[in-house]
Amino acid sequence: MTAPGSTAPGSTAPVPSIEFEAVSFSYPDGTQALGEVGLRIEPGELVAIVGQNGSGKSTLVRHLNGLLRPTSGRVLLDGLDIRGIHVAGLAARVGLAFQNPDRQLFAGRVAAEVAFGPRNLGLRGAALDERVSSALEAVGLGSDAAANPYDLGYSRRKLLALASVLAMRTPILVLDEPTTGQDARGVARVRAVVAAAAGEGRTVIAISHDMRFVAECFERVAVMRAGRVVLDGAPDVVFGEASWPELRRTYLEPPLAAIEGARLGLGSTPTASRFVAALNDATGRGRISVG
Amino acid sequence: MTNTTAMAEASQAESSVLPDFVRRIPVRPYLALHPVTKATLAMVGAIVAFGVRGWTGPAVVFVAVVVSGAVAGVLRRTLPFALATIPLVASILVVNTFLYPNAKDAIVTVGPLTPTWTGATAALQATLRVVAFGLSAAVFALTTPIDDLLVELERRGLGRRGAFVVGSALGSVPRTVERAREVTDAQRARGMDTEGGLPRRFRGLVPLVGPVVFGALAEVEERTMALEARGFTAPGRRTLLRKLPDSRPQRLARWALLVGSICLVAVSLAGAVKLP
Amino acid sequence: MTAGLVVEGASYRYAGAAERSLRNVSLELAPGRVIGVAGANESGKSTLCLLAAGLAPAVIGGRLEGSVRIDGVETTAIPPHGLAQQCGLLFQNAATQLSNTAATVFEEVAFGPCNLGLPVPEVIERVWWALRAVGVEEIAPRDPARLSGGQGQLVALASVLALRPRYLILDEPTSELDPAGTRLVAETLARIARETGAGILLVEHKMDVLARIADEVVVLAEGSVTLSGPAAAVLADPRLAELGVEPPAGVRLERAVREAGLEWSTALAEAIE
């Protein structure tokens, strides 16, 4: 396993593949949260995990950095079981940004908060400063480095928490509800971060309730219900009409673009741009007349 | 969510009668006692266990507590409390057996250590007192929901703020524990080492304690507003929904036991009555 | 008596703050209507909620210029427990609104009426009424600390309704809920406005919720009102995006179609309804 901090600053460690091998998890009081989940994520994939609250999404991703350990089954990074590695060790490979920023902010200055993660990974001096400033730039907080985190509004605190994970430059990035509570600008920032990470070849996994964010930014969607993955595929498959009965059972609705595309017989159109393209196509061929 | 049968049942239930799950009147013998009675019993138990000289006092309390615990069905759950007294009991045994002043009847002599029979007897008696008291407190805690006690105290004039402060402090413990767990997860996910030597663990306190405290403080303002928004500062007495059954015999018994136990202790300490 | 929650030319500065958080804001909430409030974060939406409910300046201090009136009476002239009976306020986080002293949902909802010292039969009646109005009478015996996010918000809503306020002010109530919970809360609010005649002021990021249930929408930017009017018109306004607000899905789709040079015919629009 790569030791923490051994990668050259600015470069990404090789991105590992992820495999959940029949992972089950039950809480100490007996409630089962995951039932034999099997999922394989290749390096560089962009995967969104959706489902009702309580379906096991958060439980699943907490297995990636060892916060939770399977009660049965294995979690593999690059084919190797992570069972023996403790959380601090996995933090170099899997960065997990939590939903509620106020559960982690403790430093008096924004820059110190962002430095916490990379410092734990062994960085110091100029390398550390570089990480901090580039992470802050990535989320649009470059000019707030000296501010007190609690002087920032909720939206920017959430971006700060994201920056503190980005600064660790982990090959795998996991985001738990990154757009919840964000205004339009905040959402745009999050999308930019996801795109940038994708551009660098990282694996990005996001839990989200925002179906539009999911359909437009991710190439694969895993739908969870009652601790199991019930649908898994590209957005046009998961939000396509054939999947609607299953989605309904999960109390999820596909994005509006998908619903309208199906209603007009345009095939699967999970995003507005796909809808427009399909509409263009169909009107060009005279199938739909628009006045 | 609403359907006609639920509404029909609801309007039946609505006839100004408090639902059972709110009244929560226990049926089992000991549990059905009024909370102030149970508190009095615990207090009397403490007074007699520690105040009466000789074995009888603590022995009687011990037996009474075990019986009431069994009747209430909580005896098994008193075990952790009993085990919690072990450190104290151990030190009592050691101190008294080996260091009882002016004791001459040594059991055995091992170098400088001379355990004495007098000391050992005193130790055992002290142990019995501690255990009897501990179990008495345990039975009280296990058979008296906090809510019952607070309702009664408020009924007797505690005031809504007092009752609220105690009740909500206790009620917020699980939430604080959960928040602490979330904070720990978030910091560990950023590579914080929770294993390692003491200095490292100490440095780890700020990232752990900070967010829990700040979070709680930041919530205070919102909670205060939420309380205001629910009329907490309205004048006059707060309506208390629950009423716990009391009876004249119980009231008399409470006074009798309290006064009686104090007299017993006074008499025993004065040496007028010698109990074994 | 003029019915309505009226904010007139209100400017507000928090205690110790250098800048005003709200500048010259006016709006009028009539009973039975739903007004949505949108805007970027830190545009003053939460401050507006505190102001409308009378908690600012009365409880949290700060300086108010202008007037906030509930049914003709200035909020500064009403004591907090009186305000609570006219104007219910709900926050984002259901957990901070729990009293933490109630063993059952029933007692949690009873907390408000009990605080007012109402007789027991009336408390019971109000609790059942509130539970039914929100549709959660089935969970009356449950422990409030163990509810799901959506249920928690509904219980908080019932707790506030039990005081029978004429106006309800909600600050991002669906923010932490999943899509099903969001729909539930939105539909419940619309139904309460219809059935009880309460006026509702709803701050939201999710424009789809406002598109569904709001009669009017007000958009705040840096403490001032920039857009206001009937919901359909405001939500279709092209300036929403630059004000930091994401338009509802239907509006976005329509815009995408038009930008591609296709006509948005009524046939298409009807198909989308």
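Note that the chains take the letters A, B and C in the order they are written out, and that residue 1 is the start of every chain.
What we mean here is this: contacts are C-beta pairs under 8 Å (C-beta built on N, C-alpha and C of every residue); 3 or more make two chains touch, one makes a residue touch a chain.
Note that the structure is predicted; figures quoted are calculated from it, not measured.
Peer 1: Specify the chain pair with the maximum number of C-beta contact pairs.
Peer 2: B-C
Peer 1: What is the chain whose Cα centroid lies farthest from the Cα centroid of subunit C?
Peer 2: The most remote chain is B.
Peer 1: Any idea how many Å lie between the Cα centroids of subunit A and subunit B?
Peer 2: 46
Peer 1: Express in whole angstrom the distance between the two chain centres, defined as the mean CA positions of subunit A and subunit C.
Peer 2: 30
Peer 1: Give me the residues of subunit A that touch two or more other chains.
Peer 2: Answer for subunit A, listing residues that touch two or more other chains: there are none.
Peer 1: Would you mind writing out the residues of subunit B in touch with subunit C in their complex?
Peer 2: Answer in residue numbers: 1-2, 6-7, 10-11, 13-14, 16-19, 21-22, 24, 145, 147, 150, 160, 163-164, 167-168, 171-172, 174-175, 219, 221-241.
Peer 1: Hey, which residues of subunit C end up touching subunit A in the complex?
Peer 2: Going by the criterion above, the answer is residues 39-42, 92, 148-150, 172, 175-182, 205, 241, 244-246, 249-250, 252-253, 256-257, 259-260, 262-268, 271-272.
Peer 1: If we count contacts the way the header does, which residues on subunit A are in touch with subunit B in the complex?
Peer 2: 4, 62, 65, 67, 86-88, 91-92, 95-96, 98, 100, 102-106, 116-117, 120-121, 150, 164-165, 168
Peer 1: Could you list, by residue number, the parts of subunit C that touch subunit B in their complex?
Peer 2: Touching subunit B: residues 50, 53, 55, 59-60, 79-81, 83-85, 88-89, 91, 93, 95-97, 99-101, 103-104, 106-107, 110-121, 123-125, 128, 131-132, 135-138, 140-141, 145, 159-160, 163 of subunit C.
Peer 1: Would you mind writing out the residues of subunit A in touch with subunit C in their complex?
Peer 2: Within the complex, subunit A contacts subunit C at residues 52-54, 153-156, 180-187, 209, 211-212, 251-253, 255-257, 260, 263-264, 272-273, 275-276, 279-280, 283, 290-291.
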